[in-house]
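Note that chain A is present in both complexes that follow, paired respectively with chain B and with chain C.
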Partner chain A sequence: MSVHSILNHVLGEDLPRSLEVFAPELVLCATVVLLLLWRMLDLHQRIPTCWVALFGSLVAFFGVFAQFMYLKTGGAGVGGLEFLFDQWRLTPSGVGEIGPYFTGLLVHDQFAVFFRLVLTLFLVLVTALTILTGIPDAEDGQDFYTLLIGSTVGMLMAVGANHLLMLFLSIEMMSVPSYVMVAFQKGRKQAGEASLKYVVYGAGIAGVMLYGISLIAGLLGTANMPELGERFAILMQGEFFSMSNTTALTLVLGMMMVLVGLAFKLSLVPFHFWCPDAFEGASAEVCGFLSVASKAAALALLVRFVLAFQGTHESLAQLGILFGIALGTISIITMTFGNLAAYSQTNLKRLLAYSTIAHAGYMVMAVSAMLVILNSPSSSVGVGQAATCIEGLMYYVAVYLFMNLSAFAIVALLRNETFREDISSYRGIISGSAATKVLCVCLAISFFSLVGMPPFGGFFAKMMIFYSALQAGHAHWFLWIVLGFGALNTVFSLFYYLNVLKAAFISEPEADAAPVEVPGMAGAYVLLVTIPILALGMSSLQGDLTATAKYVAASLFQ
Partner chain B sequence: MTDLLVHFILFIIAGAVLVAAPMLIGRLVRPNLPTPEKDAVYECGEPTIGSSYVQFDIRFYVVALLFIIFDVEVVFFFPWATVFGGVTQLADTRLTEAARTNLSDKLLNLEPGTTTAETAIAASDALRIAWTGFADILVFFGVLLVGFAYVWRRGDLDWVRAMVNQAKIARAQGRKNSQNEPRVDSQLAS
Partner chain C sequence: MENVGLEMFLAVSAVLFVCGVVCMATKRNAIGVLMGVELVLNGANLNLVAFSRYGSLGLDGQVMSLFVIVLAAAEAAAALAIVLAFYNNHMTVDVDQATDLQG
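Our next item is the complex of A and B:
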């Protein structure tokens, strides 16, 4: 290809399309620059920086929403949607066409857009929460939101990563700002300690992951993810997949090292040590952000990474089964450990950190089931069942967003009143003001949903993931064991959640404690993020989200 | 597999032996005649003054961080400058054909003489690359400068930031006090 035609392709076709798809991220980048300028020109005295951040993230959210609807409707939106499409100048050859962009570094498809939608929605909700709780004060707002938005941009790139370099870059881009966010409460010794632990751990893991990437790229001669499986199949031509084969061994080693990096972001056991400490030191708002957003992004990245090694060759199938079972084992250990360790916690943030670890275990179960199904030689399961796994995973992520945000928002709002975060400070808070009562009820809803009680969204999410593991059991018996542990863990987890609820609803308040008076706005906000949990459990919205997840999952395996 | 394993084990053994052997030989051969000078910590021949476990001022880290930011930026500038320099040369329409193929080889990192008249980079294409590159670096550098200006404005570049702040507060209070003074006097008078 001559320079002229490459230039015409890159500047004429690839760049406009890439910028069109990437527009929401560019809006967020512009917001970051605007925030700094805002503070520099002292405009924050008239309009606080938090409103600039909220505005920027809302615009980005609507940008991704427009893209999602454009893909779903095929560009035939009516009314408000048409207006949105026009505003973002969406074209059939740009957003309307799925495939790689930015010369193959990122990929644009329904799966990526769904996760970007979840992440930008979450960014909006977290920004609103920080405005309510006032965690970054007026002087430091721009610093905090710069980090928050910067980290989110990294996550938005992670869900569309199509190249091993982007995988590494996006993980670092979402990690580095979160190290600083953990330490954001200046002068708190705990926060500094938590951040240091997180940084040291993260730096080590980044090195391991980079080494893994270099092994994979060196072995296969490319870092472009869609080509990895194909290249491996060529290398394995006429050879037998076993651990005594050097090629296979090197690839397994490289993949394991990359998975270590992803497991760190997902806080899977044994790479979870940072999680409780970081959560204890950070403010509850930041914990909410770390527990939902970085997990959703890492999960999408995990799915993308393991799907890069799919193909028709025999060795790829064996590789897939191997990693499916490995992830299943990690899932068992993670959920069991997370739930058991949560028992002895007295600090609510630490408790929720272990609950986050356990939930990461449930979510990885779906990925493990997908891998086993896709690579199974039996004909009873196929691509349709693999899509069910991804469907369950996406439903889980969507519900998990609201459950965890609601729980952490309540912790943050009550901290503003009582200045404490231990479980004993929750004793008898139900006797407080009306807004406090709302908070208590919402806490109960979000906790019951986290356990997976029937009428709430969490139940359906868990059921879909367990169902996918049940299906995968037909392909390999090991997934039935994973499923058994998952079911047992659901029972385990009931007790420590109930322990908190018992303190809030049944226990007598501490003798010298004043009744907790939460402002009305706080109650309204928590209600706003809790209603979706109910709606996703017992309204038509449940069917809608299932249908959307099904459509996105099916498009991933086309 | 066994091949790999043997290599690996040999590598470890050789590595361990090569480190251990000189130390062992040194231990056996060297005379043991300690003097205070020999026991002292080696610091480039300078006599040591005090312990090296001192606390560094946190401000050094700020300077180091800023240094790294601009250092990394320069690293990004190098490859950009090579390409940009190459294409601005190629953008000259008065170049002879030989010079054009020569420069194209250099820019595309090919063996000299690979590009022919047809595959050489045309002046118009070179100009396009140059403008695109210019826009790229402008955005990159612009964002960096905004960050730099922000840090400057917030006073993080002042070596004695705390004192600057104190001075500002003192000045502001001085002004406020001078405004308040008459009222205080009148209160006292009443």
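Our next item is the complex of A and C:
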């Protein structure tokens, strides 16, 4: 094929469709360029850069929202939706068509669009939070938002990765800006140390991951993810899957190396060392971003990666069961370690870091259950049950966004008043102004939801994941053990969350402490991100989100 | 040149990988650790290029290694800036001195 014909092919069919699907990311890229120009042209004196960033991320959010609704309604939107579809020029052969784009590097499907929606919504909310707390000051605004948006673009590509190159590139694209964001408060000694630890671990693990990718790609002769399973089945034709088989051993080694990279991003034990340190050193806004956005993107990538190795061949089934059980074991260790280590913490950000680790464990439980169900020889479970796991996972991610954002927003807003982040600085803050009282109540709601108490959103999220593990137990008994540890950990985790709430609600304030007076806008913002936790627990929205998650999950297994 | 097969390249890349990992694990100087990372990345690059020459990976392998080279440069730039920030606060680049955050 000559260069001319390749160009013709690419420009003729693939490119217009790709650009249509990729438009929100392009908007974010344009925002980054605009942010940098803004400073150069001295416009930031008149309009602060934060508003440019907020505007750009809002436009991108509506772009992804339009794509999501277009897929869901089949292009038959009315009123405002139709206007959105027109503005983004969505067509049935472009966004309306599921499948790979950019010559197979990325894939466009309901699963990717759902995660892109979550990520862009989160970007809007975090940008709004940074405007409220003023963490990048007016001079540094453009640098901070460039990093924030750049990292988000990496995550948006991660959720649609369809090629091993994209898997590596997107992980790096979301990591490198976040290393710098952790170090953003240059003067603080802790920020430099946190970032150094993060970058040294991160860079080392990225190298290991790339080596794993090179082994997989070389062994299977392709880097296109949907073909990986098929190629492995061809290589294993007539051979028995065991650790003494060189082909199987090399693939398992390569996959393990890639999973190390993903486990690092998800902060699974034993690759979690960076997480508490990075969270303590970084500002609470950045912690919120790291704990939700990079987790969600890495989780989507994990699902895509393990699903690449699905097939009908016997050796693929054994591989799936092997990794399902390995992920289940990691999930047990991660949950238990995260919850136990959280007990002895005095810094609230560090405590939330360990809570993040524990929650990563719960979420990986769903992936483990899915793998075991999909590859089980028993006929009692099938694709329907596997879809339930993904459904639970997506519900969890959606609720987790609001729970963790609310918790970290409260930490950031109270830090602006008290200049402290240790738990003892929360003593008796309920006696502050009306907005402070709102913050306290929201803290309680978000913490109870993190524990998984009914009737908050976190309860339903946890229940769905536990239910999927229960079903997977029929395929392999090991998942029942994972489930048991999950239930036990839910009880463990209650106490350290309650400890913080006890300080805020019951303890007497410290003798020399002035009553905390947070601004009214802060109360309003926290209320805005906390209401969804309640709504996803006890209003009709709960059913809506379940139905949406079900529809997205079902489309993944078609 | 004809006797040099895929195995030779894989052996060299494996040696590079192991050297890099050992370097990352034993060096106490942050710059030294970053040099170890470069060795690991280049080991993987060598793998990719060798597979594209001798295996059925085709041009994909070479394109991937080009992207990795660019990315390694970007990562090194960010990492060195962070090391510099650490040096400004701590007057050292010894990773063992990073002990303020613990628990």
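Keep in mind that, in the parts below, the second predicted complex is superposed on the first by the 550 of 558 C-alpha atoms of A that agree within 3 Å, B and C clash if a C-alpha of one lies under 4 Å from a C-alpha of the other, contacts with A are read in each partner's own complex, and residues count from 1 in each chain.
Criterion: contacts are C-beta pairs under 8 Å (C-beta built on N, C-alpha and C of every residue); 3 or more make two chains touch, one makes a residue touch a chain.
Bear in mind that the values here come from a model prediction, so they are computed numbers and not experimental data.
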Could you tell me if A:H44 is touching chain B, chain C, both of them or neither one (first, second, both, neither)? neither
Contacts of A:H272 with chain B and chain C, given as first, second, both or neither: neither
In the superposed arrangement, does A:Q345 touch chain B (first), chain C (second), both or neither?
second
Between chain B and chain C, the one with more contact residues on chain A is chain C
Is A:V33 touching anything from chain B or chain C once the two structures are fitted on A? First, second, both or neither.
first
Note to self: On the A-aligned overlay, A:S244 touches which partner chain: chain B = first, chain C = second, or both, or neither?
What the structure shows: first
Checklist entry - Now for A:R17: first (chain B), second (chain C), both, or neither, which partner does it touch? => result neither
Have a look at where A:L7 lands relative to chain B and chain C in the superposition and call it first, second, both or neither. first
Listed in rising order, chain C residues that touch chain A in their complex are 13, 17, 20-21, 24, 30, 33-34, 36-37, 40-41, 43-45, 47-48, 50-51, 55-57, 60-61, 63-64, 67-68, 71, 74-75, 78-79, 81-83, 85-86, 88-90, 95, 98, 100-103
Within their complex, chain A touches chain B through residues 2-4, 7, 11, 29, 33, 36-37, 39-40, 243-246, 249
Chain A contacts chain C in the complex at 164-165, 168-169, 172, 176, 179-180, 183, 186, 188-197, 199-200, 203-204, 206-208, 210-211, 213-215, 217-218, 221-223, 276-277, 280-281, 344-345, 347, 350
Touching chain A in the complex, chain B uses residues 1-4, 104, 108, 118-119, 121-122, 125, 128-129, 132, 143, 146-147, 149-150, 153-154
